[in-house]
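Below: the structure, in structure tokens.
Order as written gives the chain letters A, B, C and D; numbering starts at 1 within each chain.
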Amino acid sequence: MLKHRKKEDKKDHKKKSHSSIDSPRKRLFLFILGGWLLLLLSNQVDEFSLYQGAFVATYAVGIASIILLTGYSGQLSLGHGALMAVGAYAGALTINNLKWHPVVALIMATLIAGLFGLLLGAAVARFSGPYLAGTTLALAISLPSLANQFPILGGQQGLIFDVGATPARFGDEFSPYKWFFWIAALAALIIIWFVANIAASRFGRTFRAMRDNPIAAQLCGVNVARQKVTAFAISSGVAGLSGGLLVMLITGVSPSAFPLSLSLLLLSGAVVTGLYNLKGVILGGLVLVVIPEIAESLLTRIGGSENLAISLPGFLVSALLILAVMFTPNGPEHIFKRKH
Amino acid sequence: MIRNTRTKRAVIASALITAGAMVLSTIPAQATETTGVTATSIKLGISSPKTGSAGLVYGKVPGAMKAYFDYINANGGVNGRKITLVSHDDKYLPRLAATQTTKLVLNDKVFAIVGALGTATHSNAYNAARLARNNVPSLFVNTGFSGFASKAKYPTAFMVLPSYAMEAKIMAKFIKDTPALAPQASFLIAQDDEFGIDGVGGFKSGGHTFAATPTLYPQGGLTSALAEGALTSLSAVPGKPILVLFGTTDTTATILKAAEKLALTNKFTFMAGSVGGDANTLLALGVKATTVDGVISASFFPDAKDATDEYVKQFMEINTKYNKGVSFDNTVLQGMNSAMLTVQALRAAGKNLTRTGLMRAIDTKGSTFASAGLAPLNYSATSRVGYNGYWIGQLNAKGELKPFGGKLTLYTTDSASAPVTASTFVRKSIPKNGIPNN
Amino acid sequence: MNGLIVNNLTVDHGAIRAINNLSFLVPRGKLTAVIGSNGAGKTTLLRALSGLKEVKTGSASWNGKSILNTRPERLARSGIMHVSDGKSVITELSVKDNLALAGLWRKDKKDVAAATAEVIDLFPILGERIKQNAGSLSGGERQMLAIGRALIARPKLLLLDEPSLGLAPLIVEQIFQTIKALTTKMDLTVVLVEQNAMGALKIADIGVVLNLGTVVAVDHAQTLLNDPAVRAAYLGI
Amino acid sequence: MTQFITAVLTSLSSGAIYALMALALVLVWRSTRVVNFAQAGQAVLTTYIGYEVIQRTGSYWIALVAAIISGAIIGAFIDRFFMRPIFKRVTSGPIVLIAPVVATLGLLGIIEAVIGIVWGLNNQSIEPPVSNAGLNVNGTVIAFSLFNAFVLGTVALAMILLTLLFQKTNIGLALRASAYSPEISKLSGIKVDMVRTLGWAISGAAGGLAGMLYVPSTYLFPNAMDILLVFGFIAAVIGGLESMVGAVAGAMVLGFAINFVTTYISTTLVFPTAFVVLILVLLIRPSGLFAGKKGRSA
């Protein structure tokens, strides 16, 4: 798989020359086309695959938020799960208390998380790499205790996140998993489209300038501090959306839904993806879903209680992760080609 | 850097890849009443933590259930059907519990879920896997969260454990009724989650008031330092205050060790909740036998060490034969007991097994099933509550839980406001060789 | 033959060709000035020679032994010392420690001590500042420290990158004179890369003129100094 | 009053443990610019090795030495066979920020899985080598035992030895130089790669020590050190990630903050306290208490 992806990257560079005109309209068209393809596809496969496809899309959105932060503005967050949680709770409260449509709830999830990111970012985004990493990490592990401070969040029990029955117009054969998949896949497409636009915008170029050489960027009159806060806020918003999608899929939001391992999982996905490589986010999401499946299915034959059978999946997943990093698409030469 | 052709590839790749995600798979036959059942087999499923910190505590459950089913299969199975148990690891994470349980229903096509573990995990999994919509039974949910008894919210779920609230109410009653304890000031140290919270609620509705606001600590946050701090602050309390510990066994151990360090083991009367009172673990974690000796705890089971108990004896034999190398403890006892209840439910549902039939069988006959539990099972057309009582015991230096004051008194109550009453319930004796014959 | 021989050297900087098929020769014991405008590939050349930069094609040898694609530390230990540009001192370390670096791996501790003493004779100011952090030194002092550190390894070939960069004319003069003195006194072979072509050629035996990664002229420094074309192009006269 | 004293004492003992973990992380950070999550695994693995030695020899002291040595070996091994290849491939761009981190996460997973396979998922416990009974100060037993004293003493000793190593020896000079400027160090003839591996080895040893000092006051299981790693990292960040003194200072700040908050405000605030302390420190000093002149960014 990785080989195949390297080939694709090569192609990018060749094509780069005549790919430099960017027309939002064309992008919009392609994005609609993609949606249509997914729609066809969703009628061809079984429910569980749809459910997992929805997870793939959800992770893809999460990875996109990491890419926005790390890939485009050079900041490192180890606690993105916390930002996802903010979105998730915001969405759940919207549905449960305001009784609004789930899609609106997801939009709320994005906005609230973005706002939260803006406030948090205003305080912490100026911290350099490891310091920001430490802060977000500390935030992530504080989440359960913080959630318990606010009864409205339902404590450890958490809140139900119920998108309700599938729209009647699709008929009653229409499975809720397909409904999940449509929502998540649509969200993922919108985010890819959105990130692609950002990246191509002046805004995105400033990000990269800032990432590659903050001092130079500053000299060119870029307000690095503000840019970083903005990047952090946008990334939080996207993270919030993926958080909303995640709890939609698991039908409830509770602090235990956002363990540290989730934040780190997304980070891994982002690396597998290759930080610049937007189309990769879906591949990244896919890897996060499929690898554990493979690992487990390899072992279902082995009996239940033996240490080996229990610990081997974890071993395989981690091993594959390391391989992915060692063969990450962002080799040095790759970076160079991007810079010139 | 991201150009529109990249986006094109992005979108197309996304489509193709998602296609890949739908790994070669077939359109499922709509879930039916008899999914997972053939003339010769019944497929059951469980999603529970096998790895991670929770795996430490509950990892033995699926193995124990499987062992008992293997034993039954070796003895002819249920109505000629062999039971297979598909077990997935959810690491105690809602996200994984939801996918694993959905997988059990949609891919593994199990007939029913048995012994699902954890509150947040299974409540999410239950809805995500659409157990209600697909009419998939979730038998003998392994958690003290009373919510699962709600037929409205979880129409196909059956509780087995008494709720944390019941336990707390019964402890409150026990303190009130025990002359040695009643006058003493009491304090609660509990985990800051539904477990601790329900406990607090239970004591309240049990009419018990603590001398101070409960000390709640976050999961994984109870360091020895924190425990020592908490105990020191209580060391000045006059008399022999009661310390109620509502947490997992390792936290109980941390607190007991702190007491040892501060030479306060005789200063307090320790009451450990049933979840946190597993003596074997306490001793394994290095708590001194002299400290364990005298700790008050609650249980609805016989002591897992008590080989004179016919159920324990039988389960121990099965464990040594079908669960090789796994030491027998409360968790194994609990797993095998759930498995035994499952087998009786399957038998009660009769030859032509259906999901509805299975659930009706438990509703109608469940309360008569033979089980190791010393408290009655409360299944009925209107109730999905399992055991509803506890007996209070005291650990001895060997780590055996002996009835407090020598005589075993069983208290029963509910999760709400019903009074706590001493019960005269006597459990059914074990069917021959532990093979149900109902 | 003895000395530094560079043959058809080609080095890429990512997509950019920094050095193109470059050849020149530095006789042993001579001071060679490599001059050329910004981006002529001077620094890249030195980095390639000291093993910091991977070379695409071509060869380079010192006293008959190839030195290409060898680890920098191995070259350093074999007597090829590269004083990189930007006043290469470790600002967080004291002057003493900075000097010590180049002696850490040397067996002959006596000689290290001796060399250190010599360096301090050479640059007394370093003696006065020996305990201070290198960060507290002036540009000139840092350059002295960097050169001094190189000398402690008893180098045979010294690669100097822009020692005059950002220094006051007086200091530059002093440094250049020291370099010239060293070459003769310690039988050093020196490759001096400089923007300050005039100053460099004045002290050099040989001059190499680079442009866009290739050699455009090699000759005795004096001759180059008097060459009108060179004067016009690089000496701004 | 006793409450206050207890708070101080428990703060010291927990701070000491955080300090060792922070130290281990700082050592790697300085030399390789990696936040080494695998350290939690390295430390717990070496502690399991120590546990195994105790089972065989019955001696904590032999086990302690074994743990420290094996910790060093494992650390060196990881750098040589995992980190070095990764850094050969990944040299620039933001990927450098996270690829190594993710690699260490993968290692953590592998190590913990291996432990699960070899020792199984059970709580084990290691007996303290000296009494863990609280000392009796005129009548009242305080929350400070010989073992706590031993821990504090050992950590202090380790600190002193490391400081001497770094400040007074040639190896120390090489370690510092390579951390500050790999290029200049190479040009001065220092084998920077080897020096880095050495840094990882020392860090691994520190982790092993941390495990052997931490576990006796709690239990041993595959994830035993995860939380400790998080606290250690937070402490290191508070300290500025660059300096060992900073790591210890940060650890103590964290230890005191947590234990005083849990004693006087609420026990539920363990983790939020860590978060708040970190934020406050960084708001005042964006690159930690003891960061080098130029607060390096990863």
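In this section, contacts are C-beta pairs under 8 Å (C-beta built on N, C-alpha and C of every residue); 3 or more make two chains touch, one makes a residue touch a chain.
Source: prediction; values computed, not measured.
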Reaching chain D from chain B through chains that touch each other, fewest steps: 1
Farthest chain (mean CA position) relative to chain A: C
Pair with more cross-chain C-beta pairs in contact, given C-D and A-B: A-B
CA centroid of chain B to CA centroid of chain C, Å: 75
Chain C-chain D separation of Cα centroids, rounded to whole Å: 42
Cα-centroid distance, chain A relative to chain B, in whole angstrom: 35
Chain A and chain C: spacing of chain centres that average the CA atoms, whole Å: 50
Residues of chain A engaged with two or more neighbouring chains: 144-145, 148, 276, 310-311, 314, 336, 338
Multi-chain contact residues (two or more partners), chain B: 50-51, 55, 59, 192, 218, 221
Residue list for chain C, restricted to those that touch at least two other chains: none
Chain B residues within the chain A interface of the complex: 1-15, 17-23, 25-28, 50-51, 55, 59-60, 62-63, 66, 85-89, 92-95, 97-99, 102-103, 106-107, 119-121, 123-125, 127-128, 130, 133, 145, 147, 192-194, 197, 218-219, 221, 323, 326
Chain C-facing residues of chain D, complex: 170, 173-174, 176-177, 180-181, 183-192, 292-293
Touch list for chain B against partner chain D, complex: 50-53, 55-56, 59, 192, 215-218, 220-221, 223-226, 228-230, 232-233, 235-236, 250, 253-254, 257-258, 260-264, 281, 284-286
Complex interface listing, chain A residues touching chain D: 70-71, 74, 76, 78, 123-124, 126-131, 133-135, 137-139, 141-142, 144-146, 148-149, 211-212, 260, 264, 267-268, 270-271, 274-276, 307-308, 310-312, 314-315, 317-319, 321-322, 325-328, 330-332, 335-336, 338
Contact set on chain A toward chain B in their complex: 8, 12, 15-16, 18-23, 26-27, 30-31, 33-34, 37-38, 41, 44-53, 55-57, 60, 144-145, 148, 155-158, 160, 162, 176-177, 185, 188-189, 192-193, 195-196, 199-200, 204, 208, 246, 249-252, 254, 256-257, 259, 261-262, 276, 278-279, 282-283, 286, 289-290, 296, 300, 303-305, 310-311, 313-314, 338
